[in-house]
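Working notes for the structure below.
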Amino acid sequence: MDLTYTDEEEEFRAKLREWLASVLPGLPPKPSPDDWPGRRAYDLGWQRRLYDAGYAGLHWPADAGGRGATPTQHLIFLEETEKAGAPYVGANFVGLLHAGPTIAAEGTAEQRARWLPPVLRGDEVWCQGFSEPDAGSDLASLRTRAVRDGDHYVVSGSKIWTSHAEVADWCELLVRTDPAAPKHRGITWLAMPMDAPGITVRPLRTLAGSAEFAEMFLDDVRIPVANRVGEENDGWRVTMVTLSFERGTAFVGEVVACRRVLGELAAQARKNGRWDDAVLRRRLGRLNAEFRALWRLTQWNVSESQRAGGVPGIGGSVFKLRYSHARQELFDAAAEVLGAGGALDADHDWTLDRLSSLSYTIAAGTSQIQHNIVAERILGLPKGGK
Amino acid sequence: MDFQLTDDQRALRQGVRDLLAGRFDRDALRAAVDVPGHLDRELWRALGEAGFFALRLPEADGGVGLGLPEAVLVFEEAGRVLLPGPLVATHLAAGTVPGAATGETVVTDADGELLPWLDASDVVLADASGAAPLRSVDPLTPLHRLPGPYAPRTPEAVLLTAAEQLGSAGRTCEMAVQHAREREQFGQPIGAFQAVKHLCAQMLVRTELARAAVYAAAVTGDPVETAAAELLADEAAVRNARDCVQVHGGMGFTWEADVHLHLKRAWVRAGAGRTARETEEVLAAAL
Amino acid sequence: MDLTYTDEEEEFRAKLREWLASVLPGLPPKPSPDDWPGRRAYDLGWQRRLYDAGYAGLHWPADAGGRGATPTQHLIFLEETEKAGAPYVGANFVGLLHAGPTIAAEGTAEQRARWLPPVLRGDEVWCQGFSEPDAGSDLASLRTRAVRDGDHYVVSGSKIWTSHAEVADWCELLVRTDPAAPKHRGITWLAMPMDAPGITVRPLRTLAGSAEFAEMFLDDVRIPVANRVGEENDGWRVTMVTLSFERGTAFVGEVVACRRVLGELAAQARKNGRWDDAVLRRRLGRLNAEFRALWRLTQWNVSESQRAGGVPGIGGSVFKLRYSHARQELFDAAAEVLGAGGALDADHDWTLDRLSSLSYTIAAGTSQIQHNIVAERILGLPKGGK
Amino acid sequence: MDFQLTDDQRALRQGVRDLLAGRFDRDALRAAVDVPGHLDRELWRALGEAGFFALRLPEADGGVGLGLPEAVLVFEEAGRVLLPGPLVATHLAAGTVPGAATGETVVTDADGELLPWLDASDVVLADASGAAPLRSVDPLTPLHRLPGPYAPRTPEAVLLTAAEQLGSAGRTCEMAVQHAREREQFGQPIGAFQAVKHLCAQMLVRTELARAAVYAAAVTGDPVETAAAELLADEAAVRNARDCVQVHGGMGFTWEADVHLHLKRAWVRAGAGRTARETEEVLAAAL
C-alpha cells in the first residue's frame, strides 16, 4: 500500500503544472452556456492545446495515437487540470471517453485512421445515440431500426439524452439490426455523420432549466455499412467496451471539485455565522470524511486498474453508488449554508449544482441498477430477480 | 373521538378538487410556468367566489364560517395542483384587508427573508423597503429578498403552508405510483421491482405520518403539534419529490415533467418557514 | 376530524383510572423474568382482576363473552393501563389477541364455550405455533404435517418463536393437511393441548440474552379432530382473521411508553449535561415530532376502524413500518444520552430495549414484507415481483 | 502510487487468517461466549509467537519490523473473527511492558470511561482506582467503569480499533450474503429479492469506503484521515451488523447466531473511542 508517487509520476505532475500555468492565462473567455457553437470552438480549442502539448489521449493506447499513460498518470492529469481550473472535457467527452476508445479497441485500421486523429487534435465532435425514450435502464431494449439496403443501413427511430448533438460531427449510434434475435444479440454499432439527411435534433430542457441534452429523431437516415464498428449484431459487446472505459476514472475531477466546494462551504459558513450551528458544522465534518475516503477509494480503484494493465475493475459501481449520494448531500448542505435567500436563488452556482446533482443517482445506471450490479456481479447473489 | 373527515369535510375537499381541476388543469399549470411572475387574476377571483379566502370568516361577515381543519383540507388541495400565488397571505388577510376575502385584492406577506409575489400583489403586509429581486428557483413563485429584521410567521401561516406541503407529498406519491405502473423496462412495469415498490411505499408512509400531524395540529392548534406538522410535512414534500424524480428516471430530470415543480415549490415553502433547526429546538424544548 | 372524547368515553376513562388507582397498589411483586411459573401466575392474576372488574375481553364481541367496546374505548384502555404502569398482557397475549378472537369468529358454539371463558377469566394460557424454521416470512410454506387417523390428527414437525410455550395450556397450531394442494390451501388450524404426549419444548435464547421464546418439536402428537377450528384445509383464511386482529391496536401501549421514555431521555440529558449537545438535543426534538405523529396516526387508524364497525384497516402496515424504525431510533438516542458507560451496561433497561428493538423490523412481518404489502395492497403496484 | 496490498501484505493477511482459523474457530468463539471474562492464555501466547504483538517492533529488538499498514491488516483479521482480549493495548505495549511482545503478559488500558479485561490482565496502564464492574452488553468483552478523568487514546489505538471494525463490517457483509444465498422463502433464495440484494450491496459499499479510509490513514498517519477512518469504520461495523441481523430475520435475533456478537462488539469498540461528536468536530475543524 503506497500512496506516495514515484519520481516519474512526480515529474509528470510538475511538468503538467508548469504547462497549465503557462497556457491557462492565454485562454479565450468562456462562452455563455447557451452559445453552442462558441462552446464547441472553446472546447475544441482546449483539446488542440492539449494535443500540441502532448497531453491528448493520455490514457489511449499508443497505437491509437494516445500516450499510453498509466492509470496513475491519468489520475494525476485529471486531478491537476481540475485543481488548476482548466476547461472541462466538454464537447470532447464522447469522442475522448466513449466513441474513441471503442473505435481504438474494435475498429479496423482504416476506421481508426479516419476517426481517431480528429478527436485527439480537436477537429471533430462526437455525440452519443444510445438511450431511447423507452430504453433507459433497459438499454438493450432499444428499438431504433436499421435495415440493410445495399452498402447502406437505413435507420429510423428516436434517441434521447444526446449531449452536444447540435454541434456534433459524428454520432456513435446503437441500432437494432435483428429484431428477431434476443435483445442483446440484435444490436449494431454505427458511426453516423450528423449532416446526413433525415436527422432532426431538438433540445431537451432539464429541470435545471438548461438545454445540455437533446432528443434526436432519425427518419430513413442512410449510413454506409463501412461506418459499422464490429460485426453486425455484435454492437452490445462493442458498447460494453465503451461503457467500461467510462467507469474507471470518470469522477476524478468531480471528487477534487467536491472537496474544493466543501472547503468553500466551510469558509462561507464561518463568514455568515452558520458555522455556530453544531448540526451543520458536524454535517460538513462528516462530508469531509466522506469525500476524503472517496478520494482514497478512487486511488484504490486506479491502482487496481493499473495492476490489471489498465482495465478498470468492477469497483466503479461501488464508488458511483456512494459518490452520487454524497454529492447530493454536499449540495443539500450548501443550501443550509446559504440559507433560504441563497438556496432559492437560481443564479447561485450551488443552487444549479444542487438541481443537477439529482441526475447522479439516475444517469449512467440508476442507483437501483447499480445496487443490482454490486449484489450480483461482486457479491454473487442470484441474478434477474425483481 | 372521531379522527376522520366528516361527510361535510369530504364534500368540501371534493368540491375544491373539482373546482381546481376545472380552473387550473395541467395546461393552466404549464402556462403559468411559461410566464413566471404572472398571476391569473381571473382565477384569483374565482377562488374568492368559491370561498377559498373567506373560508374562515364568520358567515355574518360574508364568510363561510369554517375552521382551521377545513382550511387545511383546502390548502392541501392547492398544494396538490401547485396552485400559484400568495394564497396563505391572502387567506389570512381576509376580513382585515378589503377585497382579500372576495379575491379582488391580492395580498402578500414576508416569509422571513423572502417576500413572494411582490410585483403581482396589491397589498404588501411586510416592510418591503430594500426588497431586492432574485431569480427564483421555483418558476411558479417570484421572490424578493428582504434585508430584515423579519416578523415571525403566525401559527396559521405555518400550518396552512404545511397543508400545501402535505398535498404536494401526496401528489408526488401518486405520480410516482402511476409512472411505476405504466413505465415498462426489462419486460415489465418498473413498479414490479421491489426497489421501486419500496421507494413508493416509503413515500406513502411519509405522507400519512405528515397527514396525521397536520390534521391533528389543525384540530388542536397546539404549537408543539404545529411544529411537528411543519417538520414532517416539509420533509415529506421535499423527500417525496426527490424520490418521485428518482422513480421517473431520466424523464423526471426533464423540464417537461411536472415533478421538478413540486420539488422546487417544496423547497420554497420549506425555506419560507422556520428552519428545521428552529422547529427541532421547539420540539426539544417541549420535552 | 374530532380529537375530543365523548362524554361516554371520558366517563369510561375516569372509571378505569379510578379502578387502576385502587387495584394496582395491591398487586403482588413482579416475578423475575426467568421465573416462568411465577410469570404465568402473575399475568393470569392480573387477567382475573380485569375479569372481575369487567374489563376482560374489552374488544371482544359481547356474544363471545367480551364487552363489545368500541375501538376508541379499547384505545383508552390501552393508553390508561400503560400510563398507570399496569401489568402487560404477558402470557395472556395469544389467548386474548390471537387464538381467542379466532375462535370467537370461526369456532363452533361448543368450541367457544370450551375455550373462551378460561381465557377471559385468566384460567388458561395459549401459545402460538405458526412459524417454523423454514417458514418465516413465507409462513404459508409451513411443513408441520397432520395426518388423519380416525377422529384424531397425528402431527409431526417443528415450530419456532413460540412464546410462553413452557407454561401454556393450549397452542393454536397451523399444520399442513394437504401437501398436494397449493401452499395456502392445504393448511388447517388446530387447538393443541400442551400436555399431549410427543411435545418437546426447548427455550430459544434471543440476542438480548433472555428466553422469551421457545422451539417446539412435535412427534406424532395426537390432536382430536374436534379441536379443529374451521374446515380442514381452510386454516390459512382462519389465520388471516387472527392476524388482522393483531394489527389494529397492537402498538398503542408501546407508543405511550415510547413517549414516556423520550421524556425520560430529555430529563436524563438535562441532568448529565448531554442536553448541551445540539445534535443530540435536536435529534430528541425530531423524535418528539415522530412519536406525536405516530400517536395521531394511531388515533386516525382507530377512528377508521371504528367507522368500519371495528374492522382494522390496512393502515397498520404503514404504522408498523414507521413505528418499528422510530423505536430503533429512540433507543439509539438513549444510548447517546447514556454515553458509552451506560449504553454498554447490560443491566440498564434502555440497553435491553435497544437490543430488543432490533426485532421490530423483523417480527410479525419484516419491513421488507411490509413495504410489499403497502406497495401492492394500498398503492396497487404489481404483485409478486422480487 | 500503488494503493493495493503488496504480495508480502497479502501473504501476511493470509497467514493471520489461517492462524486464526486454526486457533480460534467457531467452536472456540462460542466457548469464549459461554465463559465470559475468561481469557485463553494459551491462545494469547500463540498470538505472541506468531508476532501479533511484536509486529511493529524492530527486528533487532526481536520484533517483526513491520509498520502500521501491516498492523491494520492483522487487526482487520482479528475483527473478522471477533478475537477476544485487550489486543490493541497489548500490541501497543510491546517493547515497553516486558512480556507483552511475546504474549506472556496481558496488558490493558482504559478506553475513555471504560476499562476492558481488568480482571484477566497482568498489567493495567490506566489509573484503575475506583473501577466498578458492569455487566457488559458484549459477552466477549468484560468491562469496568472508571470515574475519570481519562487519558485520550493514541492515534495508533484509534486506528487499530478502526481496523477491527473494518474486519467485522466485512465479515457481517459476507455472513449476510451467505445467508441470502442459502435461505429460501417463497420458493427462492431470499438474495434473489431486490430488497435483500440492495441491503447487501449497501453493506459492501460501506465496507469498501471504510477500507479505503482505514488503509489510507495507516499509510499516511494523518490525524484527520484517522478521524475519517474512525467515523466510517464505526459506522460500517455497527450498521452492517444491524443489516446482517435484518437479512437473517428471526435467526438473526437468536443468541445462537453469531451476528449479535458482531453488533455488540462493534458497539463496544465505537463506545471505546471518541464519540462521533468529537470525531466530526475534528473533521470540521480541518476544513
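Labels A, B, C and D are assigned to the chains in the order they are written; within every chain, residues are numbered from 1.
Here, a residue touches a chain if its C-beta (ideal position, glycine included) is under 8 Å from a C-beta of that chain, and two chains touch if they have at least 3 such contacts.
No experiment lies behind these values; they were computed from the predicted model shown.
Student: Going chain by chain, each one touching the next, work out the least steps from chain B to chain C.
Tutor: Graph distance in the chain contact network comes out at 1.
Student: Looking at C-alpha means, what's the farthest chain from chain D?
Tutor: Most remote chain from chain D, centroid-wise, comes out as B.
Student: Does A-B or A-D have the larger number of C-beta pairs in contact?
Tutor: A-D
Student: Roughly how many whole angstrom separate the Cα centroids of chain A and chain B?
Tutor: Each chain reduced to its C-alpha mean, chain A and chain B end up 38 Å apart.
Student: Taking each chain's centre as the mean position of its Cα atoms, how many Å separate chain B from chain D?
Tutor: 50
Student: Roughly how many whole angstrom separate the Cα centroids of chain A and chain C?
Tutor: The computed centroid separation for chain A versus chain C comes out at 54 Å.
Student: Between chain A and chain D, what is the separation of their C-alpha centroids in Å?
Tutor: 39
Student: On chain D, where are the residues touching two or more other chains?
Tutor: As it turns out, chain D has residues touching two or more other chains at 188, 192-196, 198, 277.
Student: Give me the residue numbers in chain C that touch at least two other chains, ranges are fine.
Tutor: Residues 277, 279, 282, 368, 371-372, 385-386.
Student: Have a look at which chains touch which and call the overall pattern line, ring, star, complete or other.
Tutor: Complete.
Student: Using the touch definition up top, name the residues of chain B that touch chain D in the complex.
Tutor: Its residues touching chain D are 193-195, 198.
Student: Which chain B residues qualify as touching chain A in the complex?
Tutor: Spelled out, the residues of chain B in touch with chain A are 112-114, 134-138, 143, 145, 184-188, 190, 192-196, 242, 245-246, 249-250, 252-257, 259-260, 263, 267-268, 271-272, 275, 277.
Student: In their shared complex, at which residues does chain C touch chain A?
Tutor: So the residues of chain C touching chain A come out as 277-279, 282, 385-386.
Student: What part of chain D is in contact with chain A in the complex they form?
Tutor: 1-6, 9, 69, 173, 177, 180-181, 188-189, 191-194, 196-198, 200-202, 204-205, 208-213, 215-216, 218-220, 224-225, 227-229, 231-232, 277, 279-287
Student: Along chain C, where are the residues that touch chain D in the complex?
Tutor: 131, 134-138, 141, 160-161, 204-207, 209, 277, 279, 335, 339-341, 343-347, 351, 355, 358-359, 361-363, 366-368, 371-372, 386
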